[in-house]
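Below is one structure; the comments refer to it alone.
Going by the order they are written in, the chains are A, B, C and D; count residues from 1 in each one.
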Amino acid sequence: MLTLYIIMGSTELKKIDINKVRSDFPILKREVNGKPLVYLDNGATTQKPKQVIDAIIHYYEEMNSNVHRGVHYLSQISTDAFEVTRRKVKEFINAEHEHEVIITKGTTESINIIASCYGRAFIGKDDEIIISAMEHHSNIVPWQMLCDEKGCKLRIIPMTAEGDLDVETYKTLFSERTKLVSFTYVSNALGTINPVKEMIAIAHQHEVPVLLDGAQAVQHLKVDVQELNVDFFAFSGHKMYGPTGVGVLYGKENFLNNMPPYQGGGDMIKEVTLEKTTYNELPFKFEAGTPNIEAGIALANAIDYINELGLEAIKRHEDELLAYAIQELSKVKSIRFIGTAKEKSSVISFLIDGTHPYDIGVILDKLGIAVRTGHHCAQPVMDQFGIPGTVRASLAVYNTKEDVDVLVAGLNRAADMLL
Amino acid sequence: MLTLYIIMGSTELKKIDINKVRSDFPILKREVNGKPLVYLDNGATTQKPKQVIDAIIHYYEEMNSNVHRGVHYLSQISTDAFEVTRRKVKEFINAEHEHEVIITKGTTESINIIASCYGRAFIGKDDEIIISAMEHHSNIVPWQMLCDEKGCKLRIIPMTAEGDLDVETYKTLFSERTKLVSFTYVSNALGTINPVKEMIAIAHQHEVPVLLDGAQAVQHLKVDVQELNVDFFAFSGHKMYGPTGVGVLYGKENFLNNMPPYQGGGDMIKEVTLEKTTYNELPFKFEAGTPNIEAGIALANAIDYINELGLEAIKRHEDELLAYAIQELSKVKSIRFIGTAKEKSSVISFLIDGTHPYDIGVILDKLGIAVRTGHHCAQPVMDQFGIPGTVRASLAVYNTKEDVDVLVAGLNRAADMLL
Amino acid sequence: MTINEKQDELIEDFAFYTDWMEKYEYIIQLGKELPLIHDSYKTEEYIIKGCQSRVWLYPNMNEGKIDFTADSDAIITKGLVSLMVKVLSGHTPKEIASADLYFIDKIGLKEHLSPTRANGLLSMVKQMKLYAIALSA
Amino acid sequence: MTINEKQDELIEDFAFYTDWMEKYEYIIQLGKELPLIHDSYKTEEYIIKGCQSRVWLYPNMNEGKIDFTADSDAIITKGLVSLMVKVLSGHTPKEIASADLYFIDKIGLKEHLSPTRANGLLSMVKQMKLYAIALSA
């Protein structure tokens, strides 16, 4: 009994102070169409706490300068701050080295870098790349483009009717020609959390490296790239309370060193003559041109924000909310959930049978409720379910049971109007 | 006589109110190493007026949402604001169509898009690309990478000892195999303003399209892409008082339509199945993934800022300052100017003979003066002059004669210490 | 009634509804009055793709005037289409081609006409005008 | 003197200068005392490339102790190098390899040691330690 209390005590320690959290996000105070904003479109992008906004202001009011090449003070402090972010990202995902962290524009660019650079170095005609049936377009189209160019082929990990990946079939997709596996940690359309550690291990048994799309993962659960033993990992700042226009590509040193660079330009070179150019070392080899300095710097503040709340506490809060939302939404007339995987993160996709998602979206919007409707950049998922799209409510740490209640009431109202 | 007065009157109309302008830039109030900041590193990046900073804050506090796919209000206003920027860019450079304006990460990415996409579509083995001897690494390395991949060749427009391009030799570089010409409008290392209209016309006589690097041009002089009849035009937001992480690629509709897309991902597609994907129309075809929404939106405010001051007024202010700076700097012991072209923009590169640029940079920094030292990402230029680098003072609209005086005093002090 | 008279009538109708929800209820209502396109025309040829909802539109030339029939898979889009059809149907190609559709703004639906909207309403208006131009040639 | 005694002495010396410019004048002065590397060692093998200035460094093993000679094309870098050489020269590889160079921070030059600095000072310190480790093997 005593033990139990102690455990409870310690797990209770870090609980989300929801009022404090909400007060950190200025936008949550605003109204939309005369109603208080209920923001449930976090899968598309999260809102930003004032800690992040203030870091941006501070950057422009006190630090702004180009990085990595300047002798003067502003250039030095900007460079240092930019490199602090790299260190914090390293710690956040527990990379082995800082130089394995490439600052990119976002998940899409990160995946494209691998498709282009790993593709050019290691993938040829008739080679095979394995992706899954639940990928975001950003993890489909770059591979299709590579296949068009190189004559390689895609193999698809199928998905069950519940929205789980079919791991048994996955095992059978490998061949001598398999060169890369790329799939998502968490599905943006369905919320499914995939058994990535197991799936990475399977690929490694075949000596095939794995790129993991972490765009919907890092803001919800603790990711340790060394523990997962993943070879490449991609995510976006704007989905984890950070600024837009910045993301991360993590890659194991060895792979990154053996890949050609992506874009050519300033910073990514060691020496340039008109005849011959030598490339810079990691991470700069993959960071051509002036980076998004402001967002690069403020990403550290987003990471700090998440760390201060604690990913475990965030997850517990969101899991509770998810359970509550599913329970309450189940009571809505004619609702049909799309994606009912065993392990789910903060995404709920659904339809009100007999209505079009667009209609639901418009009416909810008039009630101040922001949800996403449509195919969520995952058309193949919609195709498999035979639907044009879904209504998607996606949760973040600042959402509350009241938000869920407003959503449920809104849906009931919409259903009344539309059915 | 009367006429003269009227003309003077009207040109006098828009004069830079330097105190007002300086008060727009919060960072100019700060001190560095205990001295008031004198920021003369504008070629690397300019400072941002509060109009731009406020737009960013406003975005995150009132609008933040992902763009182009949402039904809800925040998504709609964010999308609208993002598209306003596209319209303003169109007007700023006088493009014919809005969809000829691609929002990118910066000049480097813009040039890389052309190297990659135009390169894939139209450049093959033994083809030739013409660039100049005064290019920034961002307009050299992408072409070298393309040449490595495709087996094409670079031809170089030579530069005179003054830092002018040798237009007569340029005319002789064309052959049947010339597929593209790419050069800079204004040299970032020397300040040379190239005779781009004439040079573009020459290329067109050979039916070869031209990419113009406008990174150092748009903040200083009025650019009209239709009047220049340029085929591609690239520039960065952060060098024109805008945020970091955003830039523009302008391209003539016809070329852009005939090029394959760059990155694959969300937004750039029309329809995705696992078997086949169709691409979206311009401009979205070249804008994969979540863009830098914040910076995309605030770029409009940077354009507004420039327009309100007026590019003619800016140019007159900067030209006066440039003349004053050259006059005053000429008095500094052992100074040697690098780059003395007939037409120059706000860049002054120099050496104090007998000293290393790095030493000058460190000492000026201790006096609160930010200049850039080194090769300025234009090593071939330095090689031609047989020097490791220069000290570069580059001007913006908020600089003053006092800034120049402080610089001159600092240089005299540095020379005393070092010589 | 002329196109403008119809527009003015709709503006008056909508002035009635101060609340967003009422307005949308009315739009949904109007959707039910839409003269439906014949199933045989629900083909690729007559589709107008929005980002999220689809519209089919068919122009029928009858004694020098165009009658539109249409449909959409989304009810609100259908209502918006119905508004357009109401205003433009029964007019000559020339009248349609030159119509200034000011009522959309006035009844507070301008937002639906932005080129980046998910419903494809703007494409639809463009399509109606294109038909009119083609049929007047 | 031990490495730490030398460091403490330098800290005391620098405490003298409150003004940045004086400090840098002193560093420039120190640069002139740097035992210069023999021209024959000014080769690729002994170069340490900073972003902007170059340093050549040569370790000479003499009765179990390392003496460094060096040079740089920039005067301030030369002064910084001179500081390092002063502190580390004349010590055993083991002493050098394990030295904690706290004086850099204390005299206010920590900024020059950031990995992103243009002078390559950090690479130089690393190189001195690498030489020491190699020569003690």
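Throughout what follows, a contact is a pair of C-beta atoms (placed from the backbone, for glycine too) under 8 Å apart; a residue touches a chain by one contact, two chains touch by 3 or more.
Please read all numbers here as calculations on a predicted model, not as lab measurements.
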| item | value |
| --- | --- |
| Counterpart interface for B-C, drawn from B-D, A-D or A-C and sharing over half of its contact pairs | A-D |
| Chain whose mean Cα position lies farthest from subunit A | D |
| Geometric centre distance via CA averages, subunit D-subunit C, whole Å | 78 |
| CA centroid of subunit A to CA centroid of subunit C, Å | 39 |
| Approximate Å spacing (C-alpha centroids) for the pair subunit A, subunit D | 45 |
| Junction residues of subunit D, two or more chains touched | 51-52, 118 |
| Residues of subunit B engaged with two or more neighbouring chains | 33, 69-71, 358, 361-362, 373-374 |
| Pairs of chains in contact (touch as defined earlier), listed by label | A-B, A-C, A-D, B-C, B-D |
| Complex contacts: residues of subunit D adjacent to subunit B | 20-21, 24-25, 28, 51-53, 73-77, 118-119 |
| Subunit A - residues contacting subunit D, complex | 67-71, 76, 79-80, 83 |
| Subunit D partner contacts - residues on subunit B that touch it in the complex | 33-34, 355-359, 361-363, 366-367, 373-374, 388-389, 413, 417-418 |
| Subunit C to subunit B touching residues, read off their complex | 51-52, 111, 114-118 |
| In the complex with subunit A, residue positions of subunit B that touch it | 26-27, 30, 32-33, 37, 39, 41, 44-45, 47-48, 52-53, 56-57, 60-66, 69-75, 105-109, 111-112, 115, 120, 133, 136-138, 140-145, 149, 154, 156, 236, 238, 243-246, 260-261, 263-269, 271-274, 276-277, 288-295, 358, 361-362, 364-365, 369-374, 377, 379-380, 383 |
